[in-house]
Every structure is written in structure tokens, then in C-alpha cells.
Amino acid sequence: MESPVTRLPTRRRTKSYGRSCFEASSRFAYTSGQLTILRIPTTREAPRARNIAERVDPEQVTLLIKNEWKLSYVTPLYRFRHTHLKKYSKHLSAFIAAEKQQGTAVEVGLETGYRVTFSTVLGIAETDEDAETVFIQIQSKPMFAATGDALKVVWSGWLTCVNGSPEYLHSLLPDFVSLPLFCSSGPENITVVVKSWFEKMFDCRFGSLGLDSTSLQWLCALWTGCHPDNNIRYLRLLWTLPTQPPLDVSYTVNPQDAWELWNSVRQEDSVDGTVGIDEVKHFMAGLESHFFRHFKIYLSSGTLRKVSTALGSAQQDGKVKILCSDYLATVLTLLTECAILKMPI
Amino acid sequence: MDETTRTVLQRVVRKVPATRLREVLRTWGRVPARQLDLLDFSTSKFVLFEDVRSLCEVNSNRLTLKHVCELEMIYFIGNPAQGVWRACHLTEPDDDVMTVELRQFKEQFKARLTELISNVSVKIKKHDDEAVWIRIAWGDHFHRPNQLKPTYVVHHLQTPYVFVYNLSTKHKPLLYQALVLATRHGSMKDSHLSGKSLTSIRDFLMRSYQQAFPTKYARPLQEKNTAPTNPNIEKEHAEQEEKRLQLACEAFGEGNVPRLETATYKLETRYRGSGNETLNNREEPFRALIKFSSANLLVSLNHCVSAGMAETPVTPLLSSITQKGKNYFVITDKGSGNSSQSMVQKK
Amino acid sequence: MMTLSERFPGFVRGVSTGGSISISRPGRDMDAARTQGVFSHLHLLERGALGLIPQEDPAQNDRVDDLKAVIHTLRARRDELRVQADRTRELRHSIDKGDFLDEEDYRTGENSEIRAALLTAKQTELKKLLKAHHLIGGYDLIETQPGKRFCVSLHTAYEGTYCTTYHLELDLTRTVQVVRHDVPPSMPLDTLVQQNLQTNLPAFLHSLSLHLNALTSRQQQIVLVKDQIKSVDVLESNQLCSVLVLLCRGPKQQDPETLVTLLYRDLTSELPTQVTVESEDDALPNSPQWKKSKTLLLDQPVHKALEIMNKTGVIA
Amino acid sequence: MSTLKPFSKIPELNSANVLLVENEEQFQKKLADVIVNAEKDVSVGVRLARRLPLPVENEETRPCIDLVVFIINLSFERSFQSVELSLKYVDPGFFLGKVCFLVTGARCWSVSSDRLQSVRKLATSLRCPLLYAEDQTVEGVNTAAARLLRVLKVTAGLTPWATGLSLSTLTRCTLSSDLEGDFD
């Protein structure tokens, strides 16, 4: 495999710049920023279990699947170079130190210094157009730690793009790298500092990324479909009904029964490895109507807040946990797409 | 003051908020009020504990564990909402069940429990509102009773209700047996009702809250007293709205209802969704666990029905919460191939 | 058709003046002239002069005939009313007996008006009865689901004041069942249900009402004791108010305290079934004044008994 | 089941009536209060309904409806489902300029983007205008009420030289060309 150092610039050069961002947005006079010219996909590839360890360094994979990540979208980064990660590391640590000096933003315990490490996670990208994933880790040394003590990881985050819409990626101007999905885990004040550093450095903007009910339903169906290969142990859905006070309804389904329901709504002609939105909606309707027969409550009068299985969990407010690396590509494709859709163009 | 007494005292001082500590200590009555007034309750809990300890030692040189446990009970009785309370039900009453009175019950219970387990410390206190509070610290043949994790039991004499806090499965049969014998009953079982607020689950089980029943006289509904609307605004579905509200109040009570936090249903019924032949024809049940949770469940459910998020009439599954006084249900189909449901209590 | 007085203008007057018909004749002729025209009157006079008119007064003859007709109609009317009255009496009788839903009658539509009127009357009467019944402490029944469920309200009162109202919702679909209720849980409702509910609903309601009223009485008595007799402390009681432990003090400072335990075994009664008195001074419970007080406590509501004891100096 | 008909009642002079249909019954109340208080020259009546069909009992007292507004809260799927079901009970005559859709919650960051698209498709297929409103702020409610009032006055024939049909033809919802491909 080529290293990104040699590959990325080449790719940027060979790109077609036929359509600019400006043109794209001007074609769409009706949106208020929510809709994009990008079509909301109605079919997806069915998830296939893949041993990601064959492509990605297993140590790096464990970094990605351990935490609960808070999602944001990022507009394309101007003049971001995968070759300059070392420089960025120094830059960001200095930036954090400066912020701390000002005493405004960072105040996390009694740490003395921060060490920032930028690294590339190779092999996460699925197509040639996807930029390679960048992982950032911030470590600190407690004030009273002995010299031999290991550094403590206080914050981590990463920027990624998996199966990004080619239409969108092609429309980027030169010198822009799109890594639309930003995942962070750690104290909020560090996240703010990191975001502001990125915004200053690469002229980009961050925005919080919530997962709408359709995305959650997709995840719910895709994960359930994995059950024969990888035991999902449970399928749990959480709705909140807008009563006073709010009523939470958690609906946990036996994995085998959930899978049988999913299997029964799968259309015969779609066994070629794709999943349609109609099937997903049918599946959800099937779960909701079983509930309705018992409780006479319309779950659709509330909002779907959370979906979780043993493979991972996702929340409406943009918190995601990936517990099984085999389906990393499927989940990240969906999240990348959400990020691109949410981004103002 | 021995080590255990010290630890228990320290825990109580730490647990009680500084603002309430003076009141609790005053009720306890082991330290003269004059000296309590001199204490500085705004210092750290560590200093405060040392102060309280020295005061105790000065005033009663033989402060025992019993006294400190009493202090803990005083605080706990005043603030019982610290964890999950479970309701239990005494069944098969003897003929003389009505004659059980406090003194007799105290002696009987202590005697029965010490017969069953050797190392146990029991403290019983009668609270104002007819309730008997029991604090049990459990031990075994090799260990002294653990005073740091006591079980609390609240029983209202001459009623079949018992409320239990922090009881391990290991000690459950022992407690049950002692209670059954002391209250002259045949057996005791779990009521499948639990909640964080003792008063709420007690009121709920004893039905001392306002239930809505249809009456001949127009009820002074609060909802009716809303500000008069503009005559040019007309609600097409006003009648249905009223009806839904009535049904919701009948099913979940009205006004100030006891605070329940959850209701759980274990569904082991056949799949009942619409338009899915494959699953509808399946013999095995569709297994699911439904948990409703809210800061005040009955109010939320009431609102859910009255606002039309649920269809009326209220399904028996939901109205069973108030009618049966439970918040845990196992639902199975009545026989096989029968579409009607029955509620089967979990053994 | 003209009415009687229109057709015979003289008739009414004639009747009112008795036998003065002939006197009024000229006037009548003049009236006829006025109403029928001069020519026809002349014609009439002419015929009279020619002797063509019979001797009897034709007008008088007419009147007799007409009067006969009137009698006939009135008789018919009387008979009709008589039949109707008979029928009404019969119907009323049958309605009173309860078998008013005669299908035959319904189909033919016979007597439907009377039937409806009678039923309304009956309904009003029953409603008034129900109201009266309710006023003297009966039960309110409301159908919640027609033919299936109804709700009973049981009112309790103590010394002329309404206290708590309890409710029961009953299901009649298969067997009579209590769907929901707000009767206190310590009340032996299950036993009462087993005894009577299926077989005798009024008896069930009656016994339940007795229990509830007795409970209210006991509750109120405790309230009154706490309120009125300051020297006595209520040490123990329970939800059902079947046990009451009182701490009484003697009138003098040095008098020993006495513990009075009242047991109410009969839950339908407001009076205790057993009274025990304990004291540090063993002799005290057997003293004549305490023996007297015991019987007093068994015979009187507790607050009244204590008041008497207070007045007679047994307690402070 | 009765359908709502546009011409079954005789209109009254100088009056206009609007029917607000909303499953959640939240926004419609706020709108109604503002609408009835805002207009002084014409007598404006507001009928609030949760869904269609309307109860038959009110048939007599119900005036001639000049405008039907379907309010859809994008946060809740049922809001849209309920409107879809209600549409069956609207007489086709109404769709000649006397129906419009009002969407709320479109600004919410976690709202489903395909739900908005479904609403747009629905409005386009029925050739009705689609209005957006902010239901959380007073200002938003006032703006929405003012817009509805203006549309109402046109559909009730109180604005000279304008008809509901012409206004609706001019303002009806359309989809951009590439999205229209999905929709037939």
C-alpha cells in the first residue's frame, strides 16, 4: 500500500474541478441549509463482517472502538497536509499551553504539560477519494507524578472520511482536504480548544452532528442484520415521548427474534448485498406495531433517541460507541454521509 | 467508643447534609442542645465528626453501638429516599392477625430472627405514622454483623404490607420467615413493586391517593378552570379531549399521585404486528422487555393518554399498574393460539 | 263544521235563561233578519201568513235534535274516557308489578302515548326516591360501560357530617367482580366479596358500608381524642383503627400513668370489644372507679367516655 | 365518515374561517390566539382540529371553511402520518387553492432530513403551498400567524383582485429538478 505522503498530493492533482462549491449551492435555491444537492441514499450495502486487523494496525483499531465518541462535522480543511503531522503536534501543544496560560479555557486538574500526538490511521479509508484518517491524542503528566510514571491520556479525537460522496469530494476546490467526520472523547474544554485551533489553522468550521431518526433506524437494521455472523446479544431502542414529565420507553428485543423480524421484511430481490430504506422502515414499523398492540401507545409520537446492540450504540445527540471493529466501515460510511449532509454548502 | 461505633458514627456524620445534622442530633438527644448550638456546622465533615465524637464521649462515656445505630435510624426515617424500596405482601393471615401489637411483635420478631441466624443485630423503632421501622445488620457464624450495610424494613402493623430496603437474596428467606411468624401470617411474597420513594410506594399500595371515579356531579376539574378562550376559537374535538382526560384520570389517578419511576413489562407473547405473515404464523413468542421510565410515571402516562399519544380505552396492561399495585409484569399469552392475554405473575 | 253556539246563537242564551225561550223569539227573528238578509226574512213572514209553516216552532225542533246529538257525542266521549281510564289503571298496575315490557303491546304500538307518559312519571318518581335514598345515606350507582360495568359510591358520615366517600367499580360481564376501588387495603374487602358479592349485592354493599362507616367513626373518634382531651396521649393505632393504645394521667401530679388498650374486634362497630388497663400501680386497674371506667369505655365512643372520666376525676 | 366540503355552507359577509389541523395540538393554539386578536376589520373564526374527519355533531355550527392548514411538526413522525391520513377526508375542491401546509421544527439540528423531503413531496403532489414556521419563539408564532391571515383573507375573497387559486398556483411547493426524478 502506498503511504499517504506520496499518494495524497497526486490524487488531489488528478481531480476534476469541474464543479465548484458555489455552483452546487446556487442550484439549490430552496434549502435553508439543511438539504443539500446530495441525495439522501435509499439503499446501502449490507454490512459484511471484515477482519479489519488485516488492513489496519490492531493497536490503532482498539483506540477507535473503546470510547464513546461525540460527533461533529468539519468543513473541508484548507492546506491540511498528512505530511506535516509532526509540526501540527507541536503547534497544538503550544496552543493548548498558551490557552492555559490565559487561564480561560483549559483547567483540567493539576497537569503540568500536555503532549499532543497526531498520527495517521491507515486502512480506514475505503476509496481512493477518501482522505486517510487522522488520530489525535493528548496526554498529560500529573504534577506530582514520579519521573518513571506513564503519561495519562486525557483527550483523544479523530477526523475521518469513509466512502465520502464522490460528487461532493469532486466539487472541492484544490488545496482543500475533506475529513468531514470529527469524533472526540474527553473534557469538553479541551475539545473546544482543539476545535478552535483547527478553525484557525485550516480555515474550517465545526458543527455538532446529531443523528436523525432515519440514521438511527439504518443503524438499527444494519446491526440486526449482522446477527447470524456476530451475536448482537440484544437490540435496544429508546424513545422519548413529549409528555410532562417526559416518558422514556426502552424496548429491548431478543436478538434472534429481532433478526427473524428483519429477515421477514427483507425483500427477495434484494439479496444481492444491498439494503433498501423501505426494508428498514418496514422493520421499524414491525417493531412499533407489536408494541402498539400491547400498549396502544404510538411510539411515532415521540422521538427515537438511542439504538444499541452489543456491536455498538448511537444516540440522537451524536454520541456513538463502536464495540465491534468488524463493521467499522459500515458505521463510518453512514456517519460520514450524515456529516456531509449536515454541512452547510 | 469502640471501632465499629466510631465507623458508624463517622458514616452518619458524613452522610447527613450539614444543614440537617443539627436537627438530627437534637432529635437523637445524646448531646445537650446547649452544646450543639456551639458546634460549627460549616466546617469540613472531617472536623465536624471529631467535634461530634468528642461531645459524645464527654456527655455519655458509655456511648454504644446501639446509640449510634439509633442516630442512623433517626436520619434514615426522616430521609428514606436514598435507594430502591421493594414492596412485599404477607398472605394467609391467621385468625388472630388483628391482635398483633407492637410490643409483642418486637419480641417475636427478634426471637425468631435470632433463632434463624446467630450473628444479627436488630433494632426496632416505632415511627409516628403507625409504621414500625426495623434495622437489621447481618452477620454469620464467622463474622460480626456488618453495621455499614444494614437492611431496613418498614411494616405497618395489622396490614399485609412490608417495605424492604437493601436486602440481599441470601437474607431474604430469613427475613421473610421471621416476619411471617411475628405477624401471624402463612407466607410472604414479592409484590413486584419498587421505587425510590418509600412514601410513594406505600401510598400507592395502600391506595391513599386521589383516584378518579365517575360521579353524577360535575367534577371540579382544574382543566375546566382554564382562562376563557376567545369565542372565535372553536375546538372541534373538545368532547373527545374531555373523554380522554377522564379515562386517563380513571386509569392513573389525578392530582397529586404517588411518584413511581418505572414500569417494566417482560413480553412473552406471540408477535402481533400488522402485515407480517411470517412472524404472525410463528408459534414461539416474540421476546421483548419494555421499560417505561419517567420522573413521575403516573403523571407521564396520564398525559400520554390525555394528549392522545395513546389510544383509548387505556389498555389493561397499563391500567394494571394502579389496579394491581405493581410495576413489574410478565406477560404471556393465555394458552396457545389464543389472542387474549393474561397477566401471569413471575414466581 | 260550526260549533254549537255558532250554529244556534240562541241556544247558549236559551240554556242560560232557563225556560224563557219564547220570550227571546222576536229578538231571534231580528237576529235572523240581520244575519240572513231582509228578503229571506220577508219570505219567511210570507210563508207564515199563508199558513205554510207548521204550528210547531221549527227552530225549537231543530234545537232539540241538536241537543240530542250533543248528548250523544258527550256520552261517546264519556265512554271513551272511561275505557281509557280503565286501560290506564290496568297499565299502571302492570307497570307497578314490573312486567311493563309487554312485547305484544310494543309491536302493535297500542297505548304507546299513555305508556310513555306513565313511564316518565314512574321514572321521575324513582329518581326522586333515589335522591331521597341518597340523602339518607344510600349508594350512588353509575353505569360506566352500559350493561357491563358500574360504579358505586359509598358515603360515610360521623355525627351528621359527611366524611370520606369510597368508590367501587364492579364488572358484571360474567360474574360480579370488583375492578377497582379506593377502599383502604386493610379493610377485609376480599372476605366481604367472598361472602356476598355474587349472591346478594345489596347485602354486600350494606356490610361494606357498615364497615366503612365504623372505620370513619373510629378515625373521627381518634381525631376528637387528640383534639379535645389534652391530657391523654395516643400512643398507638393502626390504619384500620382496630387497636388504640392511650396513655392516661391521673388528676394529681404524683398519680401513676395508666395505659389503656382498646381492641375493636368487631369491625362494623364504633365501640371497642375489649378494654385493658395497665398501670405501674397494680391495684389501680381493679379500683372501683377504673372498673366503672372500663364499662364506660365499652359503652361509649372513646372521646365521650374520656370526657366523662375527666369530669369525674378519674383522669386529668 | 364525512368529507370536508368547501361549498356546503353559505359564506357570511366580512368573515373568514380557517381550520387548523395538528396532531400535537400545541402550535395551533398559539396560532389561533394570535390570529383572532390580530384582525380587527374582518371577523375571523378559527376551528382547531386534531385530525380529519371532523365530528358530525359539529356539522351544524361549523361555518364555511375558507382555508385548511395542516401543521406538521418534523420532530415527530406521527405528526406527518396523521396529516397523511387526514387528507383523505378533504374534498378535492379544497385543493383548488384552499389548502396549505405549515412545517415546524425544521430548524432542529437532529431532525430527520428525509422527513422534510417527504413533506415537500406531499405538498408538491397536491400543488399546495408549504410554509415554514418557528413555533418556539413569540416572534415566530406572530410571523406565521400574519402569513396565514394574509392567505386566509385571499381565500375568503376579502382581498380585491386576488383569488386563492391564483395565489396557491404562484406559491405552491416545487421540488428541484434532480429530486423530482425520484417522484412520479
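Order of writing sets the chain letters: A, B, C and D. Residues in each chain are counted from 1.
Assume a contact is a pair of C-beta atoms (placed from the backbone, for glycine too) under 8 Å apart; a residue touches a chain by one contact, two chains touch by 3 or more.
Listed by chain with UniProt protein names: A = Centromere protein L; B = Centromere protein N; C = Centromere protein O; D = Centromere protein M.
Keep in mind that this is a model prediction, so the values were computed, not measured.
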Core chain by centroid distance, with centroids computed from Cα atoms only: B
Most distant chain from chain A, judged by the mean position of its C-alpha atoms: C
B-D or A-D - the one linked by more C-beta pairs in contact: A-D
Centroid spacing, where centroids are CA-atom means, of chain A and chain D in whole angstrom: 38
Separation of mean Cα positions, chain C and chain A [Å, integer]: 76
Chain centre separation in whole Å, for chain D relative to chain B (CA means): 49
Centroid distance [mean C-alpha coordinates] between chain B and chain A, Å: 42
Contacts with 2+ other chains: residues of chain B: 307, 309
For chain D, residues that touch 2 or more chains besides their own: 23-24, 78
Pairwise chain contacts, counting only pairs that touch as defined: A-B, A-D, B-C, B-D
Residues of chain D that touch chain B when the two form their complex: 19, 23-25, 32-33, 36-37, 43-50, 54-55, 57-58, 61-62, 78
Residue ranges of chain C touching chain B (in the complex, touch as defined): 140, 142, 144, 151, 153, 167, 169, 179-186, 236-240, 242-243, 245, 261, 263, 265
Chain B - residues contacting chain D, complex: 230, 232-237, 239-240, 307-309
Chain D-touching residues of chain A, taken from the complex the two chains share: 27-30, 32, 34-35, 37, 39-40, 208, 210-214, 242, 277, 298, 300-303, 316-318, 341-342
Residues on chain D engaged by chain A in the complex (per definition of touch): 23-24, 75-79, 81, 106-107, 109-117, 132, 174, 176, 178-179, 182
